[in-house]
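First subunit A sits with subunit B, and in the next complex the same chain sits with subunit C.
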Partner chain A sequence: MTASDVYLLSPEISMVGLAVLVVLADLIFRQKGVVAFLAIVGLAVPVAFSIALWIDIDGEATSQRFLELGQATTFAVDHFSLFFKFLVIAVVGLVLLVSQDYVGRFAKYRGEYYALILLSAVGMMLLPSTTELITIYVSLELATIPLVVLSAFLRDARSTEAAMKFFVLAAVSSALLLYGMVLVYGFTGSTQLSVIAERIQEQPVESIAFGAAPLLLGVVLIVAGFGFKMALAPFQMWVPDVYEGSPTPITAYLSVASKAAAFAVLIRVFYLAFGGLSLDWSIGFAVLAVLSMTVGNLMAIAQTNIKRLLAYSTVAHAGYLMVGVAAVAARVGDGPTDLGLGGVLFYLVAYGATNLAAFFAIIAIANKIKSERIDDFAGMGFKAPLLAAVLAISLISLIGIPPTAGFIGKIYLFNAAVRADLAWLVVAGAINSVISAYYYLRVIRVMYTGNETERETVPFSLAARGALAISAVGIVVLGVIPGYVLDVAQSAVGVIVGG
Partner chain B sequence: MISESAAWAIFFLPIASFLIIGLVVRPFFNRFSKISAYLAILAIGGSLVLSSYALKSVLGHEEAIGWAAHEWFSLGGGEAFTFSIGIYMDSLTAIMLVVATSVSLMVQIYSMGYMKDDAGYARYFAIMSLFTASMIGLVMARNIVQLFVFWELVGVCSYLLIGFWYQRPSAAAAAKKAFIVTRIGDFGLLLAILYFFFNQDTFAAAGLNSLEIPDIHQAAVMGLIGTVALAWLAGGIFAGAIGKSAQVPLHTWLPDAMEGPTPVSALIHAATMVAAGVFLVARFFPVFSPDPHAGMTAAMTLVALVGGITAFGAATIGLVMHDIKRVLAYSTISQLGFMMLALGVGAYDAAIFHLFTHAFFKALLFLGSGSVNHAAGTFDMRYMGGLRKHMPWTYVTFLLGSLSLAGFPFFAGWWSKDEILAHAFNQGGVGLVVYGLGIVAAFMTAFYIFRVVHLTFHGEFRGGVEKKIADASAGVVRDGAVVTITADEESKRGEHVHLGESPVTMVLPMALLAVAAVVAGFIANPPFDLGVIQAHWFSHNLVMAQEPLLHFEEKAAGIEVGLATVASIVALAGILLSYWIYQAKGISTDRIAGAFPGLYRLLYRKYYIDELYEGGLVNRVFYRGLAFFAAGFDSRFVDGIVNMFGWTSRNLGRAMAQAQTGQVQVYGLGLSAGIILIVAAFIVWG
Partner chain C sequence: MFVGLLTTLVFLPAAAALIIALFLKEKRQVRVFAGIVAVAELVLSIVAFASYDTAEGGVQLVDRISDWIPALNAQYFLGLDGLNAPMVLLTGLLGACAIFVSWRVEHRVKEYFMWLLLLWTAVMGVFVALDFLLFFIFWEIELIPMYMLISMWGTGRPTYSAMKFVAFTFLGSAFMLVAILALYFATGTFDMIRITQELGFDTPYSRLIMPAAVTFFFFFAAFAVKLPIWPVHTWLPDAHTDAPTAVSVMLAGVLLKMGGYGILRVCLSIFPDVARDYGTPLAILAAFSILYGAVVTMRQTDLKRLVAYSSVSHMGFVLLGVTSVSAVGGGFATVGITGASVQMFTHGTITGLLFVLVGLVYEKVHTRHIPDITGLAVRVPFVAVSFVIAGLASLGLPGLSGFVAEIMIFLGAFKANPWPVAFAAFGVVLAAGYILWTLQRILFGPPSDRQEGLTDASWMERLPIVTLIIAIVVVGVYPAVITDVLDTALPNLINFRMP
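== the complex of A and B ==
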């Protein structure tokens, strides 16, 4: 490994270093606030390295650098992967901030809690860069296993059950993913995405036993493996149980960062390796999109627990994102090809800000009323007007009503789909948005109806307030002046669709 | 020359004040709500300074200052999906900016006194800041989508302010009415915008962007849009203006809008909401009049007639109202009619000139009525009188405003109204018809505003709100109806009337506006050079930016002495008649009303238009007819479908919930089933 290789990996390496440092600091300092402070401030290092890499790569012709191990290219650093690294680090920072109001419930294990979050983030930062199947698998496990541990942190019946289910099902999905990879390897003889792409182009399908069937099965199994992480239907069944049982900050983390990383790797695998595949995989993605949107929204209607409601909503949003992915695949003629991908990236940021804001507000409210039942949120509009307002704004953004981030995100995704001749998919998306309005607005209605009551103080630390304010401002800023992030997202996908 | 960032600051200062008050002061420091007034005033003061600088910068330039549009956001792939924002700064914009910010500043200073002790003090100033900012954004807009956003924001803010005292059912109803009635007009504007949106290719072929206002001007002049399409577009835009500027037949919301705090009325009636409609027509003037040599187009004739009828009709209603604010409200409608009339006959500059002078004296009159209410506790002129002695400042300033409105020679209103009438007369044809309507309306204007002066300030005091409440309790019948009290008066039950001058925060803005009401006309459009001030600089600059209008300017340059004399005599006659009836008691008002009972009732009932709309149109046609049919269709057919969907989704949800057993084995099964499903999908469709 040369120095330049280390430089390419510097964001991840510094993140691992930070995690180790946090564990050590946990041993030394009695005051656990110091540990938290260290974890949050320490994020500046990976951010700095990522920025340096972004600038360096900007100047290069290919705008991409590869890390090579022996003969294999395993790791690519480009704007696409860096975009996701920034997103993951930002989410980690906000989650750490808001955890200050939550870690009291497992006071003895605060150090481990922070370290595990950071370690899981390393996996999520690696994922968008990976260009080789084994690396993908290892990164995925690195991202998932700490999350399993974290979901058990409350150590009550629900939390333990959630972790157990998460663990078993994650193992099953890993097995499926590996099986798919094996089939692809057997078909092409390589684990490198670029080589796989070449072999698929070269080999006439007729010359192989069973034709393209093994490859098809392999591709589907890989989709299933990633679909599990993205919470796509029909691989979503673990989602509500795990979301409900886990500590809420972890739920927020899971719903945003984990999903984003999985989308990143899905896009890279399908564009790099299966781009030349004769079969049109967009139809599969379109089916998954419709299924996820429909299942997510229909199931959400019946929920009484706010975390379960958001769990199903996250399934639905994975479906909307899939509309964007399908739109790219189905590109027709010589129209713009990068619209759908740019839309997916923007939507992930918009959805991240929105969902984090919603979960953060819920943490504060649930801390106050000691309940996560939607009915118990009655009157919050009067008791805690600001918190309720933030929750309302984020729910409005989840529906996709202007002037919020969710509106612009949906416009962008749906616009891409229409231009890719997938108007029927947009119709399905629009109908689903309407259905979703029903259960989101119901929460708002509960908060603002009932008798006007006095304001009450809600215990809410300064750090958590900051996290809430940042994500809430993000929703509105992305909704009113989306241009800048759109441009960055568009330039980030250039390397994928151009290359 | 003003820089672009300074121009943006005009807009962002009040926006910042709105955000700070709304997000910081009100939630956290509501105990110190006084800060919000200072913040709002500071911000709007800054905007006024910058606006004046902007006006100075554009004067003498033929071309508008053309800052390039900024891309707001793009949906990728071509101009058609790119939305941009930018500032279009010409003399029209700059003048509107000065009007909006200066009147808003005066109104907000006044509000410090008027709204003192109101529980919603901070909320009030937050919305006032947003209201002003929306108006600023509207007049600066370069892009038609951007314009529409602020157009709607102005509507929303007026809704919030008219319904400011939302606990009162009448205020809530008035707010709703204002919003819904203007909405009808907005639909027309929206259709016009959609036309531009869907015809981007036609524009693009000529190198133009159909959403940019300067490009629309150019396209209209070049003849890129067909004559018929142009007429329809003009109609759509004018529909929007009819709603916002309260022209017949959508004028009914404005008199009810006085349910809001009086300073809000002053702002709505003078500088923001209603001015937006006139501004809109002026902004798209080339669409109405693409070729100056072709005379009045059909669209212009429509504008002129609607304006003339409104000017006349509203003035007649103003003759008989008892409520001082209602008289002023009808007066506003009537004066807006004058502006529309001017636009219709091609007197673009005269319309804006009248908007300019009217803003000052009408704001002054409204603030004066608020000051009167401060003392007497009521707006009902039957319970006022003799206030001259108790409120000398209010009296003097109100009198100056009234003289200006009446068109007394050399007051601000005289210059602008005269120019409108002169243009109409010179235009001939339909112009003569609207001239006739206008001159009669001018006579009535002079009469009704001096009726207000006499009833309010002269004679003996008639007891104010105390007496009115007593009368209402005793069930006294006056003017053919039992006296009823308003929510505002009800809130003063049990208080004693203390007649006295209002505090200095209220008197000072009135005094400043009074100065403007006297001199604004002469300073803005002097007939000859006055040292640094050039003759007719106002009209000249406005017309210069609009090349197609040169024709009209040649036709009616300067005030023609003969017409001016006629107008002055008419105004004086109106003032004298009202003196004779109300001061000298030359004839009893009851006798006049008794002589024409039908006419009096018709006017007092406002031509039964409200009844027609609510009873006839809304109740019969919409509610019992259309809505009944729609309800049947809805409950049988639509609900059937919805129920089917609901039933299906509920049961589907239940069926799916069955699968959600919580057992890991089932989840694993789901995973496998999913894989089979995808493979099947590939095999079937792939």
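== the complex of A and C ==
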């Protein structure tokens, strides 16, 4: 490894260093605030390295740098991967801030809590950059295993059950993923995405043993493996239990960062390695999108626990995101060809801000009323008007009603689908938004029913307030002046679509 | 200039809502402040309408930021032309009335006025937005205030009715979204004026991803729900019956016009050929809607439901007027389309007035069950006289505005589709039936003992009533007030693309 290789990995390396530092600081300092402070402020280092890389790459012709180990290219640094690194770090920062109100429940393990979040973030930062199957697998495990531990942190029956389910299903999904990778390797002779793409281009399908069927089976298994991480139906069974049982900040983290990283790697794998098969998988992704939206929204209607409701909502949103991925066939039209991917990236940011705001408000409200049942949220509109307003705005954004981030995100995704001649998919998506309005609006109404009561104080630390404010402002800003983020998202996917 | 008249007109109520949220506490303060804003907004809308230069025509008072969302080529584009100028006046008029009839709301006054003002902003925005994305944004924003107003200040089954309203409208707009994106894909712009000028001329219909007729009917689905046309009208009686008075006034007076305005602005201007080709089926639909609405109205015993169903019948005339497009080139076709637009204005004022009066009666006698109300003419002469005027206007008495609109519609539509129009004309007879019968039952029976000691309308309550009566009489006697402005738009409205 040369110095320049270390530089390419510097955001991840500094993140690992920060995690180790946090564990050490936890041993030394008695005041636990110091540990949290260190973890949050320390994030500035990976951010600084990422910014430096972004600027450096900007000046280069290929706008991409690779890390090579021996003959293999395992790791690419480009605007696409850096975009996701910023997103993951931002989510980690907000989750750490809001955790201040939550860590009291597991005071003994605060240091471990922070360190595990940071370690999981390392995996999620590696994933968007990976260009080789084995690296993908290792990064995915690095992202997942700390999350399994974190979901057990409450140490009650539900939390333990959540962790157990999470662990078993993560293992199953990893097995599927590995099996798929093995098949792809067997039929192309390489684990490198770029080489796989070449082999698929070179070999006429007829010359492969058994035709292309085993290769496609491998592709399907890889989709299934990623599908678990993205909470995509029909791989969503673990989602409600894990979301309900885990500590709420971890649920928020899981629902945003983990999904974003999984989408990043999915995009890279499919556009880079299986681009030659694009028309084959585009329709498959469209079907998965409809399935996921419909299952998520229909199941959410019956939920009485707010975290379970948002769990099913996250399944539905994985479906909306899939619309953008399926819009790959846009390549046949004229005009911009990478709208779908730009839409996915923007939607992930919009969805991230929205879901974090929703979960953060729920943390504060649930702390106050000691319940996560939707019916117990009655009257919150009066008791805690600001919190209720933020939750209401984020739910409106999840429906996709303007002037919020969720609306612009959906417009952008649907626009890409229309260009890709998938108008039926847009109709399905829009009708799903209608279904979703039913259960989201119900929550809003519950908060504002009941008799007018006095304001009550809600225990809510300054750090958590900051996190809530940032994400809430994000929803509105992205909804009213989305131009800048849209442009960045669009430029970030240039390297994927162009390459 | 950027912060022009129209921007102020649209955002003044929203700004007022924000001020109420942040600074005002006392019920009285909120009411007085909302009243002042209502008067200011009314004056602004009159100024906007009056300053429209009919000699010059075209789009005037433009407020535009052309790079609002560059990635989507979406603009912030407000403008006034012959089509929307009367709607702006109507919205100003009825919005102000809605604020003043809410003077007696005692339950959660602050939030109530906030939502009402936000609703006003959204509807005003729908009428003056000339960019499809912006139009759609306002169209969708309107859902949230309506949902909150009906579900929280309504009576009867408010949650059910509010959700039904949202579900129907949202489902309609799902189809509209696909159609908007199809137009965007074909033309590369959201600019309504440019699309109207280019589609079919510079840009052939064949560039749409769906056949022009499908796109037309996707739009029509959204507008028909709002208008409403049988069979998608069922949300209207429920929403009206359960909504508070002011919301009924806004709903019947302005929100339904969004549908008619949409048909004129989009379906007719952009797809005149399709409207012409499908003129007969649409005319049959309109005639059925008129007759069905009228027959069902006959059977109603709830005063509010009665007025609501009469709206279904009367708004059918708007669609009937639109079908005169089939006869363009000869006879009175543009008269029919002008009539449709005048009908929207007059129905807004007349039905708005009827709902104000029904609300007043309900407040006084605490029932809307028609058999329980008798002899109001003796007890509350002012209300009774106003009721008679509104009723006569509604059944189309010459000298009042309803007559002008209906005669124009019949004149224009008859040549295109004589049979449907002949049947639709029976709607007028039925209207005379149900209105006179109702007036006779509630006003002129023997005064009942239960209604002893009723007080007539206070000056505060008379204010909106008198304003609306003046509007009805002025348009009835001198319709050129409205038609002169409309005539500047109509010659350019229908430019057939295909022979």
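In this section, the second predicted complex is superposed on the first by the 493 of 499 C-alpha atoms of A that agree within 3 Å, B and C clash if a C-alpha of one lies under 4 Å from a C-alpha of the other, contacts with A are read in each partner's own complex, and residues count from 1 in each chain.
Following the convention adopted for this analysis, contacts are C-beta pairs under 8 Å (C-beta built on N, C-alpha and C of every residue); 3 or more make two chains touch, one makes a residue touch a chain.
Everything numeric here is computed off the predicted structure, so don't read it as measured data.
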With the two structures laid over each other on chain A, which partner does A:K368 touch: subunit B (first), subunit C (second), both, or neither?
neither
Just subunit B (first), just subunit C (second), both, or neither: which does A:Q490 touch?
both
Greater subunit A contact set [subunit C / subunit B]:
B
Under the stated touch criterion, which partner chain does A:R65 make contact with: subunit B (first), subunit C (second), both, or neither?
neither
Of the partners subunit B and subunit C, which touch A:P482 in the superposed model: first, second, both, neither?
both
Partner chain in contact with A:R199 - subunit B first, subunit C second, else both or neither
neither
Who does A:L298 touch here: subunit B (first), subunit C (second), both, or neither?
first
Let me test your reading of the model: by the given contact rule, A:R419 touches which partner, first (subunit B), second (subunit C), both or neither?
both
Of the two partner chains, subunit B (first) and subunit C (second), which one does A:I411 touch, if any: first, second, both, or neither?
both
Quick check on the output: what are the common subunit A residues between the subunit B footprint and the subunit C footprint?
335, 342, 408, 411-412, 415, 419, 481-483, 486, 490
Parts of subunit C lying in touch with subunit A, wherever the complex brings them together
67-72, 108, 111, 133, 136-137, 140-141, 143-144, 147-148, 151-152, 159, 163, 166-167, 170-171, 173-175, 177-178, 181-182, 184-185, 188, 209-210
Under the stated contact criterion, what part of subunit A meets subunit B in this complex?
164-165, 168-169, 172-173, 176, 216-217, 220-221, 223-224, 227-228, 233-235, 237-238, 240-241, 279-281, 283-284, 287-288, 295, 298-299, 301-302, 335-336, 338-339, 342, 385-386, 408, 411-412, 415-416, 419, 435, 481-483, 486, 490
Subunit C partner, complex, touching residues on subunit A are 335, 342, 396, 401-403, 407-408, 411-412, 414-415, 418-419, 421, 423, 426-427, 430-431, 433-434, 437-438, 441, 444-445, 448-449, 452, 481-483, 486-487, 490
Quick check: in the complex, which residue numbers of subunit B touch subunit A?
27, 71-77, 81, 649-650, 652-654, 656-657, 659-660, 662, 664, 666-668, 670-671, 673-675, 677-679, 681-682, 685-686
